[in-house]
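In what follows, structures are represented as structure tokens.
In the two complexes below, subunit A is the common chain; its partner is subunit B in one and subunit C in the other.
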Partner chain A sequence: MKSETKGTAVTIGKNVAVIFLLLLSMILGLVGCTNRPSESGEIISGDAAGNENATAEEPVIIRLAGEDVGLPNPFRHTAGGAGVSKATLLYDTLLEKDENQDIPWLAKRWEMNEDGTSFTFFLHENALWHDGEPLTAEDVVFTFNYYKEHPPVSNSLTDGKKYIVTDTKAIDDHTVEITLNSYNNTYLSKIGSVLILPKHIWENVDDPTTFDGNGATVGSGPYKMEIYNPEQGAYRFVAFEQYYGLQPAVAAIEWVPVSDEVLAFDNEEIDLVMPTADLVSRYKESDEYIVEEVPAYRNSYRLMMNMETVPELCAVDLRKAIAYAVNRQEIIEKIGRGVGLISSMGYVPSSSPWYNSDIEQYDYNPEKAKALLEGRTYSFTLLTDNSAKSTKMAELIKISLDEVGIDVTVESVESKARDNALKTGTYELLLTHAGGMGGDPDYLRGIYGEKSTTIKGWSNERVNELAKAQAIERDETNRKEMLFELQKIIADEVPMVMLYSTVTYFVYRPEKYDGWMMIRYDHNQRCDFYKLSYVVRN
Partner chain B sequence: MKSYAKKHYLLVLLAVITINFFLPRLMPGDPFLYLSVEEGEVAAAFSEEQIAQYKAYYGMDKPLYMQFYDYILKLLQGDLGYSIYYNTSVLEMILLRIPWTIFIVLCALFLSSFFGTLLGAISARLREKPADKFMYLFMVVFSEIPSFLLGIVFLFVLAAKLKWFPLSGGITIFAPHTSMLSYMGDLLHHAALPIITLTPAGLGNFYILARNSMLTVLSKDYINTAKAKGLKKWQILYKHALRNALPPIIARIFLSLGSLFGGAVLIENVFAYPGVGKLMREAVLKRDYVLIQGIFLTVAVTMLLMNWLADVIYKKLDPRVFR
Partner chain C sequence: MKYAKLLKCIRKIPGKLRNFNIFSAYGKIGFVFVLLMVLTGIISVLFMGEAHKIPSGASLEAPGLIHPLGTDDLGIDILAQILHGAFVSIQVGFFSAMLAGIGGSTLGILAGYCGGWTDKLIMGICDVMMVIPQLPLMIVLGAFFGPSLRNIILVIVILSWSRPARIARARVLSMRQEGYIIAAKSYGAGFRHLAVKHFIPGILPIILVSIIRLISKAIRAEAGLTFLGLGDPTSKSWGVILNRSINFSGIYYTDYWKWWVMSPLTVLILLVLSISFIARDMELLFHNKGDKL
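Our next item is the complex of A and B:
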């Protein structure tokens, strides 16, 4: 009996080992299959890959930290900068944004009608799609109609419930007229930032969110996609040689997976890195690197006050007292390691041409805060996310407010839970870091205006009126006056306490590539998300 | 008896599917809620209408029980749904990534079980001698180091400082491989660090199990018989003792897949290795319900399968367990 058991054990032991080895080799093979572009069809836009970028000099290839952000077309890239920017390199827009304004792009010029509700765009005649087909006004017409039925991931064409484009027609092969439902100061920028689709590919596609067939990434942009490897998070874009506009600055852009960005940059595996303030000094000392310091004007930490559920907060003196009591400079010193920019209480960042400097600045003044409170004391809960930075900031706010007689209990939760509380209004005080301060100041209408859902329980007649009027005011001086008044009222009312904007550092080796555009007028993103960072400018 | 076991597994599977469906929905926040931004990132702002439209598209506007019904129905057709964040078929995404994870997990399993058993056997043979005591202590301490910590140390020392291994990824990207051999070499080169990081945790377990199992066997009568026959010491150890000590070790091989997989989730994120673990982290961060469900289900089913295999093999190996 015993010997029989032994025998079975031995053979099965051997079998297991054999099966194990077999499995292992099978998996090795499988891993292999998914990874060779030529076999698995990962070359999605593939015409004679890569060999046309041979130039006289050594072709420059930029490498950047990558992650999977979806198939880079208007319907399948992921939400957020990394996804949008890749689609933007492949697909052209009618206009592009530089340091100061919207500039001609696919449209070499444009005209506006009398009442500003219709725009005529004159397209470049020699624009081509990556598959060689010519780009015409028909494609533009098709795009605006198609987006109405199938909204892209990054959708700028709806304002409230309405699709802002009412009619699009091709005047001739390279002229297109777009009619809008009304005039608004932001609409030109909005239609100018729409990614134009090739009609000959998308006209047969019913569900663009599942489409990944031939031509799914064919655009008319300065780069075309050669390889997309989703599991590695790797992309390779190559210069489009027949590009009509500003020429691609490098032969290829490659996004590669990275475990630690600073290590990868030091090892020259990637060409651009965004180190923290602590790490920057080591790059500043060397000539090999250029360090750029870019304030994130568009984003700011904010202290939200819920006036819907906490009636005490409806008193403007209390809100002002909080604004005076919070030591924002100290927050920058301690949390931002000395780098950061105090945000304007009027919301519009100081870098904007629409910024009104003649408003209450709320410099740190605990005495004034105490005077405003007249000896009253309060007690609130401050909700924050559980990142180290936010919780420390919340503690600093707690200490500052404590000094003027406002007792604060800090509660930290996971960031999505905090966001959920912000949305549903289940908080008293709340600390958040949010964007939405870039480009045209019409954002004031969304944040403080009538339909605002951001600030709970606050509304101001005059603000609603001005917010509505400035959006359709076509005279720039008048509009500026309105926006200045808006900022003044907002600063006096303090519906939320604006804290500070962080500073992002970008480090690169100029010898390898120095075409980065650091600031775009809408302060939207990072230099590696700007299209103009990758083309030759004069 | 057999049908009882089958029912058992079916019940567990059902429970897994149910928990799997409800758990992500109990998390605060939803995939369309982007109210705050990370440093230097843009927040994707969706309008209320857009959100409503998306929710309708993914069936998230229906009552929960209807969503559950739809989910089960689709599952029966082998449809894991469509990722909300990545806009891609979940099944496709998982199939692309799972071979990578299985690859490093199996390699680590092989190394840890083989060397663990070998060292355990040696240790048992040298019982109570200094070498055994030292090895025992070392293994217990070594196996308790969290693997992600080990991973970070390896990343800094072996990859960044000494540059013996690549910093990240599963393969050299965009480098055409001329031969199958160079391709395989590249794969192993990239997988090496994740594998040697994953191995120690299992190594200690197998070592202790093998050592105990061997100690039990070594005290049996037939070992004395073998000794009496005048067989060589190592012959006794490997031909007679180890083979009889094997069944619990083989069962453990299958059962340890669960913890190894858990380790792989962390390790893949340390090394940016393109497996399911890295995908899982992204899916949770982005609240991509559909993707989270798909991954969890795949993992759970794999674990169930392994447990079942362990059951079956154990029974075959050891007739005492079942007749």
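Our next item is the complex of A and C:
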């Protein structure tokens, strides 16, 4: 009897051990799954090659964090860098931008007529569309005419509401002459950045915003699209072998869905990551990684003040007081985790060759702010989007403004609601983050000039005049003088308080791929958005 | 003298509680912790002023002498935020539970006493409220009413009155059959008399337990709603602290989570647990002796 009980006890013990082992192996199996980068890649690509470190023979495949940014053609991608950059890999432009200037791309070279209103572009003769058709001047002519009727998502061809191209004609198969309505310092860059469409596909399309039929992503760029999965935000672009220009640097680029980018990068599921300042030290210590620090000059946080609905804000002293009272260095230390650049109150970023350093800098000075307010107190509502970063920044602004006697109530809403309020002017103070500060400073005309809709209830005669004049001034020294004066007036008037621009860190494994171009002359923000990051440069 | 019995009954409850030993060990710990939270909440409001709002140190300082629980990314002391959060939580818990408990049981008594279409209507709404998935509705209502403490209390009340209502109705229904009610009625007692003299004293113990339960539910709901970003973003409730810390990108790759995430989480769990212990003890207590109360 006794031995029998013992026997049962032993069997139960064994069973428990077996179950325990089974559970253990299941758990280990699960952990193993997440650590194997090849598997997650395979689901989307169906291509097992290229996961391991690249060798000379093995084709390199770059993987990046994906999100759905629409069908990557000029009419269907979403606005913003991620969408535009995918379309530019598929579609070529006449010119491309490198670290310093516009460089020849689809156009081998170009000529300008004397008064700068007409450009002649000489195209590469052996350029092909992804479907094998040759690319000719006819396609370029068609593109400029088509965009007039059907503006693309990222439209550089209108100024105000006018279409800047008056005439396009093909001189021969590979020469195009484009005539513009007037001279402007930025127009060459603008027509140079237009995505060229294949005539044989789009000439039959009446509504490009709904067209997703055959050839909807056929371009002439260095990569062609193989897979687009909107649900997962996954894309796969493969190298276009008959490409005429600088050769594609990798066999394929894949955008894969990831939940945590840092984790995915550590597991080698993606090849580029933008960690926050706190996480950078993890990578700096290791030789396996390269860490690049890129200041995002192109954009800045701004504090908008609505002078249309809040008459008190029309007083320049109050606006100046706000600018002095906001502690921008503290915002950088706490929100930017110590990295960031205080923005110039004259709007043009300090990295630009057009930047005027001789303007009021508005260093943090609550005493001066109090003196400007002369004991008056105010009460405003500050509208912000509900992201953690913005609400925290709003909180800091509230604390600093409270100190000088400006009582602030923070209201946080969806970012779309905030954008709508910005557009319609239904706010008192508003915190926003916007770009558009890279490249040619003609952007001052759009923001502070006569037709501006950005700043509500503010206008300045001299600013309007200068903004108009600098756009058509061809002498660089004169233009610089005008732009310097513009910045000075803007800084003195403080139509909006410029806060700070962020700094982005990029980390990648050079052994896998190191062709990233970190800075483009128009100070775009992300190396994975530049076309030149994906081609072999001499 | 009409309210004599009710008063006597209310007076009796602290009398019962005066003997601390009726609580179990868990109940005692819970009771002490809740008391501590109430006290710290009051202290924070009375003596600590703006400490939960104004930065007093560098960003993300580790716990030390000056900041016992460290600071958050804005440099605000986390202990001060948690103490203030305790006040917010207890405020929300107390007011929403009271409102839901009193409102719900009043409706329950009405439904049980009047019967007919009143009963059908109230119980119908009750059923609907119970069937609707609470969290999604809470999020929708929270987003609809906009972020503020008052609205959060309102949302919680709307979603929690149905339970006390059902309990009160069931109790009143069974009481109606009792001899003394029938006798009182035959002497011409009206609804008011019956409610004050008989129904309320009768349902008070079970409603009390249900209110305590609601407190813990409301605290959780408040933390949940503010965590999801439906609260006032600049208020310092525990949910907001948690939301801020968890949304700090890459927090688990750093040490910050050890004080920034763990502290609000720990007090939240402890408080909810403590209230549950008290509720359990009270339930046992009233279950056994409720009839005599």
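Annotations for the structure displayed:
Rule of thumb we're sticking to: the second predicted complex is superposed on the first by the 481 of 538 C-alpha atoms of A that agree within 3 Å, B and C clash if a C-alpha of one lies under 4 Å from a C-alpha of the other, contacts with A are read in each partner's own complex, and residues count from 1 in each chain.
What we mean here is this: contacts are C-beta pairs under 8 Å (C-beta built on N, C-alpha and C of every residue); 3 or more make two chains touch, one makes a residue touch a chain.
Given the structure is predicted, the values throughout are model-derived calculations rather than measurements.
Using the contact criterion defined above for the overlaid structures, shared-chain residue A:S259 touches subunit B, although it does not reach subunit C.
With both structures placed on the common chain, the touch criterion links A:V536 to neither subunit B nor subunit C.
By the touch criterion defined above, A:T432 reaches subunit B but does not reach subunit C.
By the touch criterion defined above, A:R282 reaches subunit C but does not reach subunit B. When the two structures are aligned on the shared chain, A:G80 is found in touch with subunit B, with no touch to subunit C. In the superposition on chain A, contact is made by A:I399 with subunit C only, not with subunit B. Common to the subunit B and subunit C interfaces on subunit A is no residue. In the complex of the two chains, the subunit C residues touching subunit A come out as 53-55, 59, 73-75, 147, 229, 233-234, 243-244, 247-250, 253-254, 256. Against subunit C, the residues of subunit A that register as touching in their complex are 262, 275-276, 278-279, 282, 333-335, 337-338, 386, 388, 391-392, 394-396, 398-399, 410, 412.
Residues 27-30, 33-37, 39-47, 49-50, 53, 57, 82, 85-89, 93, 96-97, 99-100, 102-103, 106-107, 110, 155-156, 159-160, 163, 167-171, 173-174, 177, 183-184, 187, 222, 243-244, 246-247, 250, 253, 270-272, 274-275, 279, 282, 287, 313, 316-319 of subunit B touch subunit A in their complex. Contacts from subunit A toward subunit B in the complex involve residues 2, 5-6, 8-10, 12-13, 16, 20, 23-24, 27-28, 30-32, 34-36, 67-68, 70-71, 75-81, 84, 151, 153-155, 158, 160-161, 209-210, 212, 227, 229-234, 236, 254, 256-260, 263-264, 266-267, 269, 274, 296, 298-299, 385, 413-420, 422-423, 432-436, 502, 504, 524-526, 529.
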